[in-house]
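Quick heads-up: structures coming right below.
Each of the next two complexes has subunit A plus one more chain, namely subunit B in the first and subunit C in the second.
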Partner chain A sequence: MSQNTKKHHEPLIHIVKRDDMVWWQAWGIRLAAIVLGVLLIGIVSAVLTGESFFEVYGIMFRGVFGRIFEGKTSMLWKFGQDTVILLCLGLAVAPAFKMKFWNCGAEGQALIGGLAAMFCMIQFGGKLPEWMLVPLVIVSSIIAGAIWGLIPAIFKARWNTNETLFTLMMNYVATQIIAYYVYIVGGGSNVINPVETGALPVIGKSQYLLNILIVAALTVAMHVYLKYSKQGYEITVVGESQNTARYIGINVKKVVLRTMMLSGAVCGIAGMLLVAGTDHSINKDTVGGQGFTAIMVAWLGQFNPFVMVLMSALIIFLRTGAAKVADSNMLNSSFADISVGLVILMLVGCEFFIQYSVRLRRAKKGVEA
Partner chain B sequence: MKRILAVLLAVLMLFTMASCGGNNEADELKVGFIFLHDENSTYDKNFIDAAVEACENMGVTMVQKTQIPESNACYDAAVELIESDGCDIIFADSFGHENFLLKAAAEYPDVQFCHATGTQAHTAGLDNFHNAFAHIYQGRYLAGVVAGMKLNEMIEAGTITADKAKMGYVGAFTFAEVMSGYTSFYLGAKSVCPSVTMDVKFTGSWYDEQLEKEAAQALIAGGCVLISQHADSMGAPTACETAGVPNVSYNGSTAAACPETFLISSRINWVPYFEYMITQVKNGAAIDVDWAGDLENGSVALTDLGTAVAAGTAEKLAEVEAGLKDGTVKVFDTATFTVNGEKIDSYTADVDTDDKFTPDTEAVANGIFEESKHRSAPYFDVRIDGITLLDEKY
Partner chain C sequence: MIVEFISRAILLSIPLLYGSVGEILTEKSGHLNLGIPGIMYSGAIGGVIGAFLYENACGNDLANMNPFLAILIPLICSILFSVFMGLIYSFMTVTLRANQNVTGLAITTFGIGLGNFFGGSLIKLVDSDLPSIALTKTSKFFKAELPFADDLGWFGEIFLSHDFLAYLAIAIALAASFVLSKTRIGLNLRSVGENPATADAAGINVTRYKYLATCIGSAVAGLGGLQYVMAYADGVWSNNAFGDRGWMAIALVIFALWKPSMAIVGSFLFGALCNANNYVQGLGAETQELFKMLPYVVTIVVLIITSMRKKREHQPPESLGLPYFREER
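Moving on, here comes the complex of A and B:
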């Protein structure tokens, strides 16, 4: 044992796994990452546009909220609408991702849900009374989304296919079906004219209010489901370890199928909100790639629906604001994506500092003690 | 927790302070533009360049929103341009924007809405909603003349015989705008090369580089010796350059990428319309419900000729152009084409938009099909002899 005097060649930097971090420390680091990312956006924008550093944030703020101080609230409603649609898709993928089922098909599931809504609105519009048609629109889009989510889950459960690829491919199938449907209805114009039959009613001052209320209710419901229900617990266990789940008698296949149905169904709701609630029309860009952004929302929100609200709002704020900076300076519109990317990069990167601590080589004296 | 709150408050104050600065200029006119894509799309670039030029010429502020899909996002963009930027005129550049722009127009009666390529202004019953297009078929016809001259050169050189003078055309959809375009192109070619025929293939997309390329290659393999297109990508021109087949392009010159095969290109120049619309609003005058520019006022523009054109093309082109301007040459003269072997005296076109594309308006008068007269967007969709549609799935 006295041989232990052999010299340790200690590297300059140590990376040590840490599990002692309190929740507020972790969130402090994440907040710092966001602030850093936002500062970076300001610097990059100021350099590219020649605007002053602070003016960049002014433009971003105006781009998102408009002249809110002059009592014009339309932009605030739009911000709410954009946030809840992204949030709704995030809520949809959260249970699947928590179960470590990589559902990259939110885009397609939402599109198919929207298509079902559109189909009912066109097909049964004027033939059924509105009080029957609106529920039909809602139910059919939920079912359609659920089926679209269930298909890859069945293949996964039965033949262990790769769900990432499968769900991705299903997006393209959905997009093409929509393109074909738009062609059938709209012909060469490539446009379906708005259909008012079967559309969700407008309540209150803004056409977006109902959407916001529905997603708010959905957020609470998803929180309760994931945190307090037996099914939510099963999702957590399957996500942690499938073997453990089997050991304690959970039917893993059943959980996978059920959760993907739920995931697809909520996507279907998002599609329905877009088609029956907002656009009253559909095309292959209706969801606009948000099914993919939603994955970031779910991850960054750590599958906690309330944190996901903040994440959606953050991403929408950055995207809308940066688009305004780009437009008012005739920059390419990709600038908005780059800006959002910068913040997400910071956020993903900072997880490293939450999981691990970096220690410099300790002084010689310390080692010998 | 307190510290986090403090940081949050500080950030919020920063925003508030910054947002209060500026934005209090005098009452100068502001024009808001809504673009489907950005300057990377040849279609939108054509609009963006014109908007910049027109706003500079007229001394008004230009505000733009790019990447606005044909969804409720278009309505949101219009509201933002009005409420947040204080725009007095809103312009949108894509066909599918129309329904969402109409929604905004109904809510903001004091703002003028102008929409390119749309069809509903004359039936919408809104005083502040207007459509605009151009007699682009004149440009297509002239481009067709250049193509016909090239075919004649090939026939004279013995490369092809007169009955093999077949052109190919890559279109997006079997849609009046496309059909009007390829028919005028064909008629232009036929006016100088009587034996010409044409095959048309549709891609089912306004922008799909791969499909357009494949369609052009298929047409070339099918015996077409000259290609033109109505789609926005470089697919067809590139396929032609590779195969060494002459190409008439659209929306701008492709001479730089295709030096050996580029003949000519026609495009709509939107500067005259933008200047018109701004002038009207400045003077408090009404904007036409439907406005269609032509060769005369510069709305229909041609690029320079490529190096591959036949000898004497420039002279012939000038001659036909003068004829179109003074009205002695009519593109859709019913004496120059037949349908199932017969001349048409009457044709009911679908001018008023409805879901079923019901024909509703007599378009032929005095032996001429009057394109873009009853509304600015094209409605010529007659299938004339000499043109074969290879696939009609779109």
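Moving on, here comes the complex of A and C:
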């Protein structure tokens, strides 16, 4: 008798890779994840602070937008500024990430860009006319950022050195260089007094308007670059499969170097916007750890610049709002980081349900296992 | 002075050692856990919360405190917090197959936020009237040194004057080294990290190994945070004081070439480098800032050299960073 009496262990659920999901379904799932995350934040803050559940969102909204309905727009401008800086860093890392080059060094690249801007503003301020100085500030920060991004890329291309850790370490090297510079210029006071020479001009009603316009232009440019240019296509191919790229005659090393230079250059622009556009000064915390948040913006936005606009707005909203909720209850404003982390984890997790479907085990009648 | 320098370097190196041994265990299962900085923060705050509640329960009176409980409660709380973070990470990356880098960075954001939030709000949350979190009493129990350490001069100060968590760190590193290279479990774990499909075919439960390695690794890393607060900072919590030691621990993994025993040497070197600026004579404050760059520069140099030499035994686990989906082979 050949009957096999051994019982087969069958898992309760099994996971199947989906074919491509319709775009609105995928975004429905992502939206659900965001809503779930935001609800969770509301519940946690209601429990911690004792405010009512709905009041939490009221505080968040007022904390971010201020008295917008009474015509006061200053908070709205600040919100726009924070969003575009994060977005700019996100735009910078997007091409590198799309190429599967894990550029965790946006922070350092932006700091070095900002440093170059600060250096020019201080050294050449008053010696060069403004119409020469401002372009010099812009160009030097772009070049500085590009060089800082290029260094890890050279080693990656030549010896396949791990870029995640290399770029990470470069952040701290940059931070210490800034600390050194601030100490020298500030005369031991750890502060550089705002320098007005060489700063970006203020246009319109708010000092943030120019920054917002520049990043808006960058967003469109990056979209066109990634989607419609030949170089953007090469980035996609290298990211999907280096072997394929080599097979169809793409010079992988060249693409890696070029893309990281671009990535660093855009980071340099972000640093320049912060230093020459807003603060007119620099310190170790000018970028404030946003280089890491930017990676998540790029990833969650699926490397689509327009989706990244929404993602950075969402993250800035949560960050500012949650900090306000905690502040108004005398709690520590690091609650902002917890909230942002929570929603990002939700969003990262929900990708699973977009790519795979979970099926319950079906009773198989009459089928021998 | 040289004795003080060495002793200080050892003290500084212990959190790094915990962090890097934890990360090595995790990476051996094929997971690059960039959440270690956050996990170390949450391990630290877990211990602080435990100790704070216990001190409060004892009426903040040293006489009421049981030395055994004073150590055990923070220790368990710390492990619970960091294992919880490790569970989130492994659920996301193993079960949900999310991108490891992004998940890790999110865990780091979350964990650092958790640490700073509770560190800054604990007093308000439990309606205590203390001015700040200063767990000096619990810290005393943690820092109890061997009674005869002071009698032995320089030998005693360098080797015997440390807190018990420091010795535990070295013990864990040696044990991890033994398990990884000499036991069946270690062999299985390494095979999961090198090639999960092969391991799976050989009948190894890949998912279980990945979960366990990540969670145990997180627990070990979290102890580093606890050691920092209780022994280095004398039980005083201040936000962001732990700094970027978590990232340094991750860098140390490469420096140690994925060997826990090498991590002992590496962490001591890093501890010394972090500390060197205070001991080199005639440094201005601005040069000190440049000196603080040293550990990172050394890491970069090691990173480059190991990638240039390409020795087979010095390479990272083959499938580090890649998700494993059985049906995709």
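We adopt the following convention: the second predicted complex is superposed on the first by the 351 of 369 C-alpha atoms of A that agree within 3 Å, B and C clash if a C-alpha of one lies under 4 Å from a C-alpha of the other, contacts with A are read in each partner's own complex, and residues count from 1 in each chain.
In this text, a contact is a pair of C-beta atoms (placed from the backbone, for glycine too) under 8 Å apart; a residue touches a chain by one contact, two chains touch by 3 or more.
Computed from a predicted structure; not experimentally measured.
Student: Just checking: does A:Ile344 make contact with subunit B only, subunit C only, both, or neither of them? Give me first, second, both or neither.
Tutor: second
Student: Figure out whether A:Val16 sits in contact with subunit B (first) or subunit C (second), or with both, or with neither.
Tutor: second
Student: According to the stated criteria, A:Phe166 is in contact with first (subunit B), second (subunit C), both, or neither; which is it?
Tutor: The answer is second: A:Phe166 touches subunit C but not subunit B.
Student: Who does A:Asn332 touch here: subunit B (first), subunit C (second), both, or neither?
Tutor: both
Student: In the superposed arrangement, which partner chain does A:Ser74 touch: subunit B (first), subunit C (second), both, or neither?
Tutor: After superposing on A, A:Ser74 lies in contact with subunit B but is clear of subunit C.
Student: Regarding the shared-chain residue A:Asp285, is it in contact with subunit B (first), subunit C (second), both, or neither?
Tutor: After superposition on chain A, A:Asp285 lies in contact with subunit B alone.
Student: Can A:Tyr183 be said to touch subunit B (first), subunit C (second), both, or neither?
Tutor: Both partners.
Student: For A:Phe306, decide between first (touching subunit B), second (touching subunit C), both and neither.
Tutor: Touch status of A:Phe306: no partner.
Student: Take the contacts of subunit A with subunit B and those with subunit C, and give the residues found in both.
Tutor: On subunit A, the overlap between the subunit B and subunit C contacts is residues 179, 183, 188, 326, 330, 332-333.
Student: Along subunit C, where are the residues that touch subunit A in the complex?
Tutor: That would be residues 32, 34, 38, 88, 92, 95-99, 101-103, 105-121, 124-125, 239, 244, 247, 250-251, 254, 285-287, 289-290, 292-293, 296-297, 299-300, 303-304, 307-308, 316, 325, 327-328 of subunit C.
Student: Okay, in this complex, where on subunit B does subunit A touch?
Tutor: That would be residues 1, 4, 7, 11, 14-23, 38-40, 52, 63-67, 69-73, 76, 79-80, 83-84, 95-96, 98-99, 103, 172-176, 178, 204, 206, 353, 355, 357, 394 of subunit B.
Student: Note which residues of subunit A are touching subunit C in the complex, please.
Tutor: By the definition above, subunit A touches subunit C via 15-17, 48, 102, 104, 155, 159-162, 164-166, 168-170, 172-173, 176-177, 179-180, 183-184, 188, 292-293, 295-296, 299, 326, 330-342, 344-345, 348-349, 351-352, 355-356.
Student: In the complex of these two chains, what residues of subunit A are touching subunit B?
Tutor: Touching subunit B from subunit A are residues 24, 27-28, 31, 35, 38, 54-55, 57-58, 60-63, 65-67, 69, 72, 74-75, 78, 81, 179, 183, 185, 187-191, 193-194, 274, 278-279, 281, 283, 285-286, 288, 323, 326-328, 330, 332-333.
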